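Two complexes are shown next, each including subunit A; its partner changes from subunit B in the first to subunit C in the second.
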Partner chain A sequence: MNGLRIIKWAGLAAIVGLAIALPYVISSFYVNMATQMLFFGLFALSINLIAGYGGMVTLGQAGLLGIAGYGLGIFYTSYALPLGVSALLAIISTIVVAAFLGLMLVRASGVYFLMITLAQGMVVWGIAQRLTTLTGGDNGLRGIARPPFAIEYWSYYYFSLAVVALCVFMIARIVRSPFGLSLKGVREAETRMAPLGYDVKRIKLIAFTISGAFAGVAGLLLAMYNNFFSPPSVYVKASAEGLLMSILGGVGTITGAFVGSGVFVFVTNYVSGYMERWPTLLGLIFVLTILFAPDGVVGAWQRLVWAPLLRRFGAADEAELIEVGVGGGGLLSDRDRKVLKSATDGDSAVPEEPSKPVEETRAGS
Partner chain B sequence: MSGRQFVLLTLNGISFGALLFLLSSGFTLIFGLMRIVNLAHGSFYLLGGYVGLTLMQGGQSFWVAMVGGALAIAVLGFVVERGLLLRVRGRTMPEVLLTVGLSLIFADLALARWGGDPILLDRPSQFAGTVELGGVTYPEFRLLVLALGVLLAVLMWVLQSRTRIGAIIRAGVDDREMVSALGINVNAVFTGVFVFGALLAGMTGVIGGVFLSLYPGADGEILNFALVVVILGGLGDLRGAIVGSLLVGLIDSFGRSLTPSLSYFLLFAPMALILIFRPRGLFGRATVN
Partner chain C sequence: MNAYTSRPRKVLIAAAFALLLILAACSAPGGDEGEGAGDEGPIKVGVIVPTTGVVAAAGTDMLNGWNLYWELNGNEVAGRTIETIHEDNGGDPTTTLTKARKLVEQDGAAVIVGTLLANTALALAEYLDPLDDVIGLNPAGSADDLSQRGIVDNYVRAGGWQSSSPTHVAGNWAYDEGYRKIITLCQDYAFGHENCGGFTNTFTDRGGEIVQQLWAPLGTPDYSSYLSDIDPESADAAFVLTVGADSGRFVKQWQDFGLKDKLPLIAGETTLEQSLLRAMGDEALGLQSFGHYAEGRDDPVTQEFVDEYVKAYDQLPGYYSAATYTAAQWFAETLEAEDGDMSDVPTFLETLKGIQLDNSPFGPMQLDEYGGTIATMYLREVAEDEEGRLYNQVVEEYPDVSQFWNYDPQSFLDQPVYTREYLGEDWPESCDQFVNDCPLEGE
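This part shows the complex of A and B:
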């Protein structure tokens, strides 16, 4: 067991070391890709926080990313406030908007939640496009600066790395906190949480708002990276791409978000140079992931490699936790997990359960 | 606002509402029965419109284009339902997300085939003129859309309340398992309903190509309108789709005229109110699950 802990920490140390050494090893093109991977990963992680840990799958997260991006642009370029102040105000705006949108969402779950977030995201996009006096419409907002100490590609990479690492640390703390556990409780059995004395609506609202704040940080990094912000960053497609990263990497895992964003950035920056129809490729990846690997790359890794390793080293309890999906899997029903588990065990018999449709439009408890 | 302007905006709102009803009736029917939120419905609409465009460029009439668009998308709907959705049947999230992935693919392929410029389809020659109505000169085509909307509403009402298939669908909405226990092939009914919804979406796409024009992104925009319609009206309910469509059409029409930059926000306000005070929508109700 201790051996495994050491492997885990050594892996983490290797990743950190590699991340720090990166600009010394690879060219600016790839460093920029790594920077994008960082902030898109944070965006995917913000979706992961509510979708993976809270079971609330959102298709409107780019709207919140956009509030921050536009907020920064408006405060900095139109009102000529200092960059730091603009960024702070942008994040505060994002939190306020997220809390307001969250109020509309607390009574919804499942597909209904997803639909409402989609509509909300579209409204933010519609406003971004039509309120041209504030947002510049289709032309977007130009002249968003990077911090003076992070102008160069490599310094901006380190800046993003520091910001994203801090956010990841905070998110890791949140999901392990009592609040994070109650959030998982909402995901696993929403109706049972209320009788246990949990205020489900409050948990959902707080989770949605926190998640929005992190999406906002990703939005700031995106806006400063491009020195520019425009409606496509807010469009439903951007939300869907964020969800794709989250699912591809593995919902309910922290590393998964960055694996997903890595694939996304690779396709949009690299493959797009060779293949004109790369958006189709992204869509195909999305469809195939959902059909064949609903627990994503990291989920499959944990299930197929990590859990058997744990078992071999005598940590059967922890292996069991992974196999029944307590660590993650907001997209998977209990039955899905059993199917995956039996497939892993080489057991062809899929447990048949009466298909019990989940009540989607559950009004408040 | 002058009386004439009021009449004009009202007519615009109602005819746009009729277009929305043509689209959202299929959307809400699919949800009501199958519990699938088909987020590729906007793509079905746009692709239907583009198929119609190709037919019209080939010299066919509007009517042929409309039927062609509808049939092509019905076939596409059949392939999607049997080839993909059936594989994840009963797993809510994968079903929805599959349609999201498909909509990304369809949008890109449509861009590759039909390009990025907005295209306005020609009106059918029989309905290219205008009529005098309540003191305003109004295009006949928009009245045709209104008539089609009313016709579909009546047809669907008769279908739902007076026919055997309608009874099966209503029963399926309330209690899917009981219906299959009665010996009805629910999978066949599902496919039928999905294909019917796709057919309507494809047909509406050709009409929408005349009404609004076709362009990349029209899929997402019209889908959003359909979403707001069903959120307001209540998912899976025909009356909800009618009332929701009219409401959204009117709000959009007046909103665009009064505060063009904030019309999207006006759409948002009633949605927020409904969600906070009546989260199942105006006509939504508890289903036996």
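This part shows the complex of A and C:
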């Protein structure tokens, strides 16, 4: 396993190094693209959290992004509160609204869940569009500032990087926590969870609220990035784009959300300058992904590159799990894999550090 | 990674990451912001207009108008070559910002022209505001506040207009015409609010009454539910403002519901815009509207522009084309006046704002001290030319209309911008709020 470990660490170090060196290497235009990739990735990840890990597909997530964006704009420009306070209030508002919307959602599942989220997103959009005195209507809200230490394009990039990295860390912990596991339980077999003593509605409500909070953080970053917030950012199209990003990258993976947003930002920002029919290209990419890599770019990577690599380094059992689709796309945490393996094989599959994951899970709960 | 990493090591990694971030953020990477256009070499002009999406047709008109000017006059002014770079924003504010950044930071554009929809223009204004070496020309973003309560110094209405300017005239005219009770139907977003606000404000100043207000969302697929709400007996006329594809549907249904013969229609500029008339038929014939442009204006400058445009693109030009054409003329005249020197941006801006066009496809045009357009407004009527094309012919001209109408600018600016909640029905209360022609005295 030593070689594998080195590869993992080298990969991580390369990503971190690249992320930090970026503004020194490329011009401001590309740094701005990277910044967008970060917050749209966080947005896609917030959808992924409930769609990928909880099986609750939403088409209204941009509504929650919008509550935070508009919240920031309204508290900061209309009420002239300090930026930090406005951001905090905006996030609190988002959490409250998400919890409220979540209450309507917990009874529904599948397509009904989807329809209700769609309706909720449209309600937020309708308010943004019509409540002109508060939201500026179609004209949007202007004059949203960036934090004083992150005004330049590169400092704002670092700011976003730090915020998004923190959020990703938190989401990774949540996913691997007992709560995260019970969320996956709801996804896999909702009807079985209740007899096992889990409060399914509560799990769904908490997951939806947490996801809303992260969408809110993405909304804050978006609003501050543009110094501006307007209804199209809240529209169902934005929600669908977030969902498509997470599908493109790989539902149920953390890196997938950022791969998806990267592709999306690249096509809308860069390719669109050279190609008039860029929306067609984007559509084509989505169609091809669904046809040939339904588990997304990251899913395909894990299946085609990572699994053989694992096998090569003697972790054949883990590779097998990815190949049969159980671990594909990182749907399962390392702990899941162990539990699953020991259940199927009857012996401990991972000899190293057998007690550690349990300890970690507790810390994350 | 969980299985391989212990807790203390994670904390260490997180700390190292944070430290690296802080270190990197402390030393600024080399700036590569645009350096302006200086006083020699080519001038790069970024044109941001939507050539995809719902407003693609009008956006293409804008691009055509801009290109036409340089084709006719050559793209060299005062020794400087004008290089145009077009970017499509799809009618979306966020994309607009992305494209603006690309044009300024990547391509080194010193001038940005655009955009079409008011919300995209406002987003662009927000981006341009802090930049001191980039100039924005705003030929079509008509949001009132861009020259009223949210002025952005380096975003200039060159060839542009305010949404409520034509309708201020329309409201006043409606009363003169003998109408006392009016139904309004406007598109339910900022542009519609400002149009209806302008009309309502001046019409009610005179003593007219708005008996019914209808608001249709942008993209209304069917106007029948609104039109069946209208009782022709209850009013003397209707004021209607629709945008884009909605206009075609509205005008068709206005006739289908038999309202065309029963209730006089006063339309806003975009309802009978040339780019939409192309797709309309007899149902539009004879309809009257107010606008700041009329392709049928009987003047050599306008007619030459129309003829050249027809020659180049095989269709009559709407105001979108005229706007960018005029913006190009505006910019060229400024450059000429400054002898091709753009190195001192504040001076250049001052000259730009001081330009007075004695004649343009719109007629005479200049800016007031707030940067609002002072221009001629037209009462227009849809007619058919020899080739069977519909066009707006001029019925009446109203020269030198200010964005403040006859109101005192300061009092006007103390009011909020027109919204659904504020249409100026009860304002102004006294003649102090007028600079001339106060209509309240006779009441």
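FYI, the second predicted complex is superposed on the first by the 323 of 365 C-alpha atoms of A that agree within 3 Å, B and C clash if a C-alpha of one lies under 4 Å from a C-alpha of the other, contacts with A are read in each partner's own complex, and residues count from 1 in each chain.
Criterion: a contact is a pair of C-beta atoms (placed from the backbone, for glycine too) under 8 Å apart; a residue touches a chain by one contact, two chains touch by 3 or more.
Note that the coordinates shown come from a computational prediction; the quantities given were computed from them, not determined experimentally.
After overlaying the two complexes on the shared chain, residue contacts for A:Asn227 are found with subunit C alone; subunit B is out of touch. In the superposition on chain A, A:Thr133 makes contact with both subunit B and subunit C. Judged by the touch definition given at the top, the superposed model places A:Arg142 against subunit C, while subunit B stays out of reach. Once chain A of one complex is fitted onto chain A of the other, the partner contacts of A:Val123 are limited to subunit B, with no touch recorded for subunit C. Of the two partner chains placed by superposition, subunit B and subunit C are both touched by A:Pro279. Overlap of the subunit B and subunit C interfaces on subunit A comprises residues 130, 132-133, 276-277, 279, 333, 356-357, 360, 363. Across the complex, subunit C meets subunit A through its residues 1-4, 6-7, 14, 17-18, 20-21, 24-25, 28-33, 51-52, 87-88, 90, 92-95, 97-99, 101-102, 105-106, 118-119, 122-123, 125-127, 143, 145, 150, 188-191, 193, 217-218, 416, 419-421. Listing the residues of subunit A that touch subunit C in their complex gives 5, 8, 12, 16, 20-21, 23-24, 27-29, 32, 36, 129-130, 132-133, 136-140, 142-143, 152-155, 158-159, 161-162, 165, 169, 176, 226-228, 230-233, 268-269, 272-273, 276-277, 279, 333-335, 350, 352-353, 356-357, 360, 363. Taken together, the subunit A residues at the contact with subunit B in this complex read 57, 59, 103-105, 107-108, 110-112, 114-116, 118-120, 122-123, 126-127, 130-133, 235-237, 240, 243-244, 247, 276-277, 279-280, 282-284, 286-287, 290-291, 294, 330-331, 333, 336, 354-361, 363-364. Put simply, subunit B touches subunit A in their complex at residues 35, 37, 39, 84, 87-88, 90-94, 96-98, 100-105, 107-109, 112, 176-177, 217, 220-221, 224, 227-228, 230-231, 235, 260-265, 267-268, 271-272, 275-276, 279-280, 284, 286-287, 289.
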